[in-house]
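What follows are several structures.
Consider the two complexes below, in which chain A is the common component and chain B and chain C are the respective partners.
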Partner chain A sequence: MSQVILFNLLNGLIVGAFYALMALGLSLILNLSGVINFAHGGFLALGAYFAYSLAPITGFWIALVIAPLGAAIIGVAVERVLIRRLYGRDPLYSLLMTFGLAFIFQDGLKFIWGAQSVPYQIPSWLASPLSMDLFFLTGYRIFMIAVVAIAVGGLFLILGYTRLGIRIRAGTLDLDTVSVLGVNVRVLRSLNFGLGIYLAGLAGVLAAGMLGLAPTIGDQLIMPSFVAIIVGGLGSLPGTLVGGLLIGVVSGITSVYFSEATEAVIYVMMALILMVRPHGLFGDEGRLQ
Partner chain B sequence: MTPLKVDGLHTYYGKSHILQDVKIEVGEGELVALLGRNGAGKTTTLRSIVGLTPARSGSVTIFDRVTTDWPSYRIAALGVGYVPEGRRIFPNLTVEENLQVPLERPGPWTIQRVYDLFPRLKERRSNKGRQLSGGEQEMLAVGRALLLNPTLLLLDEPSQGLAPLIVRHMFEVIASMRKEGMSILLVEQNVRAAVAIADRVYVLDDGKVAYEGPAAEFAQDEERMRSLAGASSEAWEDFS
Partner chain C sequence: MKKFQDWQGTIIVWALLLTMPFWIGHIGGYTTLGTRVVVLAVAAMSVNFLLGFTGVLSFGHAAYFGLGAYGAGLTIKYLAASSMAGLVAGVLLGTVGAMLIGLMIVRLRGVYFAMVTIAFGQIFYFVSFRWVNLTGGDDGLTGWTRMPLSLGPLSLDILHDETAFYYFVLACFGAAAAGMALLLRSPFGRTLLAIRENERRARFLGIPVDQHIWMSFVISAAFASLAGVVYAYLNNFVDPRAFRWDQSGDFVIMAVLGGMRSFWGPLIGAAIFVVLQDKLSSLTDYWMTPLGLFFVLAVVFFPRGVLGMLKRRRAT
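Entry: the complex of A and B
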């Protein structure tokens, strides 16, 4: 029994780590540009497929780093050509735009790589279990958590200690004043968008190694990622991280005792948290208008 | 090169016509005070100059470039420092981080030099913006603008809500910036203090320029000072 709980706890943590990576990217973009990016799952899938095509040529490790970068470059292009025009307008416009983009992504991926699910090869030493007792504890699962931890740590280092990160945080609250201080806020928003998409692409590559690869790979992750943002508190990135891990673990444990409620529990938890803390766990009142 | 030339400026907020044919000039090394009652359009004038509330018609020329429709960051990159109304400190960043936001234009100003000018900021370097007093926020807003190494400096009511001693310090700093060769446009409610350090004065009334002249001449005209610059002209007594 304890093995089952441990297994689902670990599973929940991994799923939560994916939610967190997705949600952190979504949060970055929402906080600085006010855009709710429904196409985020499409970018996740794009990163995964880039890795799928790259890995046979470059090997697993280079693909892991480069494929998300490819997704980020496409992301910046999409931001510059399409999304930028909608800044400062009614959020409905960008909502519709990214919603449409999500469909375009999905069909585009089907067109290029096919609608069927394809396997994504990970190095065999990563795929084998670490011990017989803990059969589910494969190297790849540990590896995924480690990569997510490095990525999140890197993100917080960038935001905390580089001028780019400091300017992103400043712009989250008052972009006009950042602009008046001579910072090119168009470039700032593009880089920030790219950073968010890089995290999505990375989540895609990691998820492909666990789940296999289909054009819809991002679909089951996007709604819980929004929940993670709301649970953590709009505007707070540490909150988003905690929110993602929390809902992953809670739904993982729920699957042991009441597996039918595995998905519903996320929303029940959100409702309960919002009843107690209307701005989420780490949210400041009125930080985001 | 004239640092700032504003000509025939008309600016709206929605349908309200705020600025009506405003014409202002700041010459090289000049300190110009922009005065007027609350709601006369002083802040809007500055916001139109820096591109936050672009003018609907008329022109803004900064160092011989027509910047009327430029985004704010391009205008700032020309060397235009701006201390906004209410200071607009980033409350979620530390003092040190606030000072790392501005574009790094080459020039004499560094974070260290800002700390030398305002030692209080150095003591508070790891405090968040939201934890600062009004005076400290003002120092930070001025320091932040200086880090852009501006040649034209726009200040919106630097004395607002500050204790007299800190106001005096601020005005000394502003006067010393002019000595360093900066051209300055100073918006103030504190009329006597502003007139005392300014070369020339503009008075805005209801979105129009109602008076323009040398500060020394304006200082003589007690009646005009009272009637155009508003009741707050009496609030200042002991500045010399």
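Entry: the complex of A and C
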């Protein structure tokens, strides 16, 4: 029994890590630019398919790094042409536009790579279990958690110590002042959008190794990612991280005791948390109405 | 001057709706397509009652839409084989659900409100998905149909006669539209507009804001569940997707697309959405691209929605 719990705990942690990776990207974009990006799942799938096409040529490792970069470049292009038109407008329009973009992505992926799901090859030494007792502990699962940890650590280092990161954080607090101080806000927003999409693309590549590829791969991840942001509290990136891991683990443990509620439990949890703490666990009071 | 123009618009809308079965065939449509437009227009207008006239975004109206649909379907299947009984039960179920949920969420605002409304929709989605014995799960609720209406000596075979069913749906639409229009003209409706324009000022004027938002939410959800009932009747079928967040998203998109500050905007948005989807999906497998492209272009070129844009054209 304890093995079952451990298995589901680990599974929950992995799922939570995906939610967190995706939610961090969504959060970055939402905090700086006020855009709710429903096309995030499309960018995730784009990263995954780039890796699928690249891996046979470059090998697994280079694809892991380059494919999300490809998604991020497309992301910046989309931001320059379309998303920037949403800045300063009612977030409702971001709903309409990014819903539209999500539709286009899904069709485009289907057109280029086909509607059928395809497997994604991972190095064989990553695919085997580490020990007989803990059969579920494949190297790939550990590897995914490690990659997510590195990516999240890297993100917080960038935000904490680089000029770009400090400007992003400052812009989140007061974009006008940052602009007056001579920072090119247009470039800042583009880079920030690219950074968010990079995280989504990375999540896509990792997910492809576990689940295989399909044009709709991002669909099951997007709503829980929003839940992660809200549970953690809008405006707080550490909150988003905690929110993602928390809902993953809670849904993993629920699947042991009451498997029918595996998916519903995160929404119940979010509703309960918001009733007790209307701004989420770590959200700032009164910001981003 | 403006009043006169609103009048004109209302007359044109009703003239078109009442004669729909006679002309829709000539422009390449069919009666059921018109019925779909009217059904989804009720839902989009109900979302807009809250969004456009109270300033509150519910991203979870599919919850009440779905409750209405399942309420009606389950009633006809298990309790009473009557379309009117199903309608009453569905609207009642959706409204009571909204009353209870509204109590829990009325203090939240903005994105948080939108997200919690999604959450409740998703909870219903997964419950209907998993409770296979009652709802049929993913396969949907089957084994029932809408029933012919009989009111005393009058009877209307809405089951087999598509045109009769269209007028039944149109009657529901008319009741909803009239109800919303009357409410918006009442002191209550004016208070909602005041809350939309400046919530803090309304509060300082002594208006019990939370109470008004709760009432607006419940009224709007009641109309959404009415839409759900007729949607279930239209298909003679309900499945869990009626509850899902993308269904709620469709309603919001219809409202924004048509023009969320105008009364008839959501009807136009629903018409564009339904007709485009129907036409495109019959032409190509890749119907999502042109539809998505249309949304993107609408944001770039019609920032106030189609109707808002037309109004501005006329003003200049």
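Note that in this section the second predicted complex is superposed on the first by the 288 of 289 C-alpha atoms of A that agree within 3 Å, B and C clash if a C-alpha of one lies under 4 Å from a C-alpha of the other, contacts with A are read in each partner's own complex, and residues count from 1 in each chain.
Definition applied: a contact is a pair of C-beta atoms (placed from the backbone, for glycine too) under 8 Å apart; a residue touches a chain by one contact, two chains touch by 3 or more.
Please read all numbers here as calculations on a predicted model, not as lab measurements.
Put simply, more of the residues of chain A are touched by C, taking chain B and chain C as the two choices. By the document's definition of touching, of the two partners only chain C reaches A:Pro278; chain B does not.
Of the two partner chains placed by superposition, only chain C is touched by A:Glu263; chain B is not. Of the two partner chains, chain C is the only one touched by A:Leu92; chain B is not.
By the touch criterion defined above, A:Trp61 lies against neither chain B nor chain C after alignment on the C-alpha atoms of chain A. Residue contacts after overlaying the shared chain place A:Asp176 against chain B, while chain C stays out of touching range. In the superposed pair of complexes, A:Met223 makes contact with chain C only, with no contact to chain B.
Those residues of chain C whose C-beta lies close enough to touch chain A in the complex are 51, 57, 104-105, 107-112, 115-116, 118-120, 122-123, 126-127, 130, 245, 249, 252-253, 256-257, 260, 286-289, 291-296, 298-300, 303.
The touching residues of chain A, counted against chain B in their complex, run 163, 166-167, 169-170, 172-174, 176-186.
If you check the complex, the residues on chain B that touch chain A are 50-52, 71-73, 76-77, 82, 84, 88, 90-93, 97-98, 100-103, 105, 144-145, 148. Across the complex, chain C is touched by residues 36, 38, 82, 85-86, 89, 91-93, 95-97, 99-104, 106-108, 110-111, 223, 226-227, 230, 234, 260-261, 263-264, 267-268, 270-271, 274-275, 278-280, 288-289 of chain A.
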